[in-house]
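Each of the two complexes below includes chain A, the first together with chain B, the second together with chain C.
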Partner chain A sequence: MLLEAKGLNVRYGRITAVKDLDITVAEGQIVTVLGANGAGKSSLLKALIGLVKPASGHIHFNGQDITHCSPSERVKAGLALVPEGRRILISLTVEENLLLGAYHRHDKAAVAREIDALYQRFPNLGERRYAKAACLSGGEQQMLAIGRALVGAPRLMMLDEPSLGLSPLFISRLFDLLSDLNRNGLTVLLVEQNTGMALRVAHACHVLELGREITHGTPQQLKADKKLQEAYLGA
Partner chain B sequence: MLLLQQIINGLMMGGIYVLVAVSFTLTIGVLNFLNFSIPGIFMLSAIMAWRALENGWHWGLAIPFGLLVAICASFVVERFTYRFMKNVDHEIPLVSSIGFLILFENLVLVAWGSDQQKFPSLIPDLNIRAGGLIIGIGQMLSLALALLLVIGISLLLKRTQLGRGIRALAENAETATLLGIEVHRIVPVLFVVTGLLTGISGILFAMNYQQVSAAMGDVVGLKGIAAMVIGGMGNIWGAIIGGLLIGLTEVLSIYFFGADKVDFYVYGLFLVLIILRPQGILGSSAATGVKL
Partner chain C sequence: MSGYAEAILLMLAINVVVAQAGYLPLAAGQLNLGVAGFMAIGAYVSAFVTNTYDLPIVLGIVSGAFAAWLVAVLLAVPLLRASGIYLALATFALGQVIQAVFLNLEVVGAAAGYAVKKHASFSLIMTTTATVLALVFLLSRTRFALYLTAVKNDPVVSDLFGINVRMIKVQAFSLGALIAGVGGALYAHQYSYLEPQNFNILLSVYIVLYVLLGGTQTVLGPILGAFFFTLLPELLRGSEQWRYVVFALFIIALMALRPQGLITTELLRRLTLRRESKG
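And then the complex of A and B:
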């Protein structure tokens, strides 16, 4: 297993945002976490990247116990998070945002090559490389956020509701991109409320409700579950 | 000609305000923390260099010693104000940094009294005379040094990975953290840099005026804050403009209206500018979040 979290609990004061969660992500997979607002999806990803300390539980990544590692150590180990709301640094240029994605890398030449390759892939970013990131559209900002994570050469990319606020056209481009990256070897942990799209690309799926996992399985299994479909997946 | 001479003097004086204003603006811009201990650090470096000189040290040792004390003092302020209190209301580190200002000044008062002390002249009293203008070498050096330092810092912020990390931290600490930027390593670096800048400005001040005292930081500190606000809080180029503008206003109001009305005109200008442009000359409105 590339990522393995066991018995994870996240609390904010008296609120329990994630309760006794077990989740595993195998190398090469796309695993998706679904759930309504407030289900604890972002809290899970924040605990995995180290932005919040879990109240209890263990996190192993790539065979190493990272439960007590700082975010910076986790990024160095190969984790990357594309956060909810993209969190582009708007006072910096597009290129500076990408360079910050490689903050922990010291192979400057390789980073420069990879950034050039990204500009080929996303010509909109290439054209605006020296412009402030504030001037990008929502879709372009999401591409920049994903590009920023990719430049860090992660082994596992976590995305928090990347489709939020995007047009249907951009959403389908986004999921095509994720499948494509996955085919090229990137492992993905995807938090979504866009259930249909997420189930189309995922290999495995977890459904959260109020911090607890209510079910998990393959997309086929979940789609077959009529009750679940009606109650949570809004089909 | 005399007016031109005054303008030159004002710019030179402004160099010192520039350094102090940049120190203030760095901690405001990155940490949203108004570090009130800066005038104390300004004074400490000059006083310690003076003590070392009095004890017969060569200036080549006395000045680095003063700067080292300034850096250490700034580091101590970081440990006891910002570090423990970043999770509380940001008035609290501000108040405790005022505490450090009072502490530094009173330590010096207890040790060496409140009198003005003579700081020996280190730079020979050389002047360049050009077409009737007199430009003091010492003043010119301090303006050049101030501008070089600020340009250096601005390049560091723009061109290096550390600089980009600092600017990321300035915009959003959580985003910086999740990108793997180690906030707890960058913050001490920032305090060392502001301690050094403040220390340099204190020693330049002592060299140009040839006197030091426990309270020497207060007036300069206030003008440094005014310079920062006029230029736009958190904006380095704004701090340069603000510092030079205050230096100019000071000498020109002495020239036109007499020495007793300086503060009236300096702070009058400050008020007028604040009313006309609350975000400062180069400051942007908070909405765009652009800093440094």
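And then the complex of A and C:
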């Protein structure tokens, strides 16, 4: 397993956001975590990247115990998070945002090549590489946020609600991109409210409710479960 | 050059230096209201070592800057646990404490003041100012400037990319103090007499105003701010009683009309573009 979390608990004071969660992500997969608001999806990702300390539980990445590592150590180990709301640094240029994503890398030539490759893939970003990120559209900012994570050369990319606030056109482009990146070897852990699209691309799926996992399985299994469909997946 | 012009130029040079001392922490999102305290450390240490050990002024400046830097590094870890308005209050208190320490320190004259024997030449002050500006400018061309902006904009995301947020904050704070130390030392060897109340809170507020008025995005902004604050009161000398009223109104108007400061990166970009298209 590339990522394995066992018995994970996340608490904010007296509130338990994630309760006794086990989750595994195999290399080369797209795993999606679904659930309504307040299900604990974002807290799960924050615990996995190290932005919040889990109250208990263990996280292993690539065979190494990272439970007590700082976010920057986890990023160096090959994890990346595309945070909710994109969190682009709008007073910096497009290129500066990308350079920040490669902060921990020292192979400058390779970084420059990869940034050029990103500009090929996203011509909109290439054209505005020296413009402030503030002047990008929401969809372009999401592409920049993903590009920023990619130049860190992650093995596992985690995305927190990447489709939020995007137009339908951009949403389908986004999921095409994720499938494409996955085919090229990137492992993806995706938190989404857009269940239809998430189930279309995922290999495995976990459904959370109030911090607990209520079920998991392949997208086919979940789609076959009529009660689940009505109650949680809004289909 | 007339004595008046020379005096104004020297004052301007020192203000330009201390403006950079306010700028570096602000570039990382820290409002440091204790800059005058770090100036006092630089001033007293430089005055003391040149008076007592007959060191050349340049070594005095280096010692003063180092002392201010050291104090900042030691205090940065507890101080920078606070941010925003709380950090401003903490640095304000620190400035007051430093001032009070010198007010009671008999070895440098305490409340009676301290005479500085060695007087810096015009060229030494100008050379030091130019050196500080050149170094800050070089620094602004490195990735360090990018990290300062990143930490200021979004510490959480900066952390996610592996930027050592605390280290960057400490560096911005202590480098600012180092430059304040240089500015204080220049002050000591220019005015030849030090009193603790020279380094009061009003001076710190002025330094922050240089930066806010000039603009926090570029190195040029604080320089322009310092020019503005040093020269405008002189230009308004015609109406002696009203000049500070006019001056204050001017500040309010500028802050209302151009809150981002006079010079922004956008403005510089547009200016260079125009020059390129002409050339």
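As a working rule, the second predicted complex is superposed on the first by the 235 of 235 C-alpha atoms of A that agree within 3 Å, B and C clash if a C-alpha of one lies under 4 Å from a C-alpha of the other, contacts with A are read in each partner's own complex, and residues count from 1 in each chain.
Heads up, the rule we're going with is that contacts are C-beta pairs under 8 Å (C-beta built on N, C-alpha and C of every residue); 3 or more make two chains touch, one makes a residue touch a chain.
Remember, predicted model here, so these are calculated numbers, not experimental data.
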item	value
Clash-or-fit label for the pair chain B, chain C on chain A	clash
Chain B versus chain C as contact partner of A:100, first or second or both or neither	both
Which superposed partner A:134 touches (first chain B, second chain C, both, neither)	first
Which superposed partner A:78 touches (first chain B, second chain C, both, neither)	neither
Partner chain in contact with A:211 - chain B first, chain C second, else both or neither	neither
Chain B versus chain C as contact partner of A:49, first or second or both or neither	both
Partner chain(s) touched by A:154 [first = chain B, second = chain C, both, neither]	neither
Partner chain(s) touched by A:35 [first = chain B, second = chain C, both, neither]	neither
Overlap of the chain B and chain C footprints on chain A, listed as residue numbers	49, 51, 70-72, 75-76, 81, 83, 87, 89-92, 96, 99-101, 103-104, 132, 148, 152
Interface residues, chain A side, partner chain C - complex	49, 51, 70-72, 75-76, 81, 83, 87, 89-92, 96, 99-101, 103-104, 132, 148, 152
Sites on chain A touched by chain B in the complex	49, 51, 70-72, 74-76, 81, 83, 87, 89-92, 96, 99-101, 103-104, 132, 134, 148, 152
Residue numbers on chain B that touch chain A, as the complex places them	161, 164-165, 167-168, 170-172, 174-175, 177-182, 288-292
Complex contact set, residues of chain C against chain A	143, 146-147, 149-150, 153-154, 156-164, 217, 266
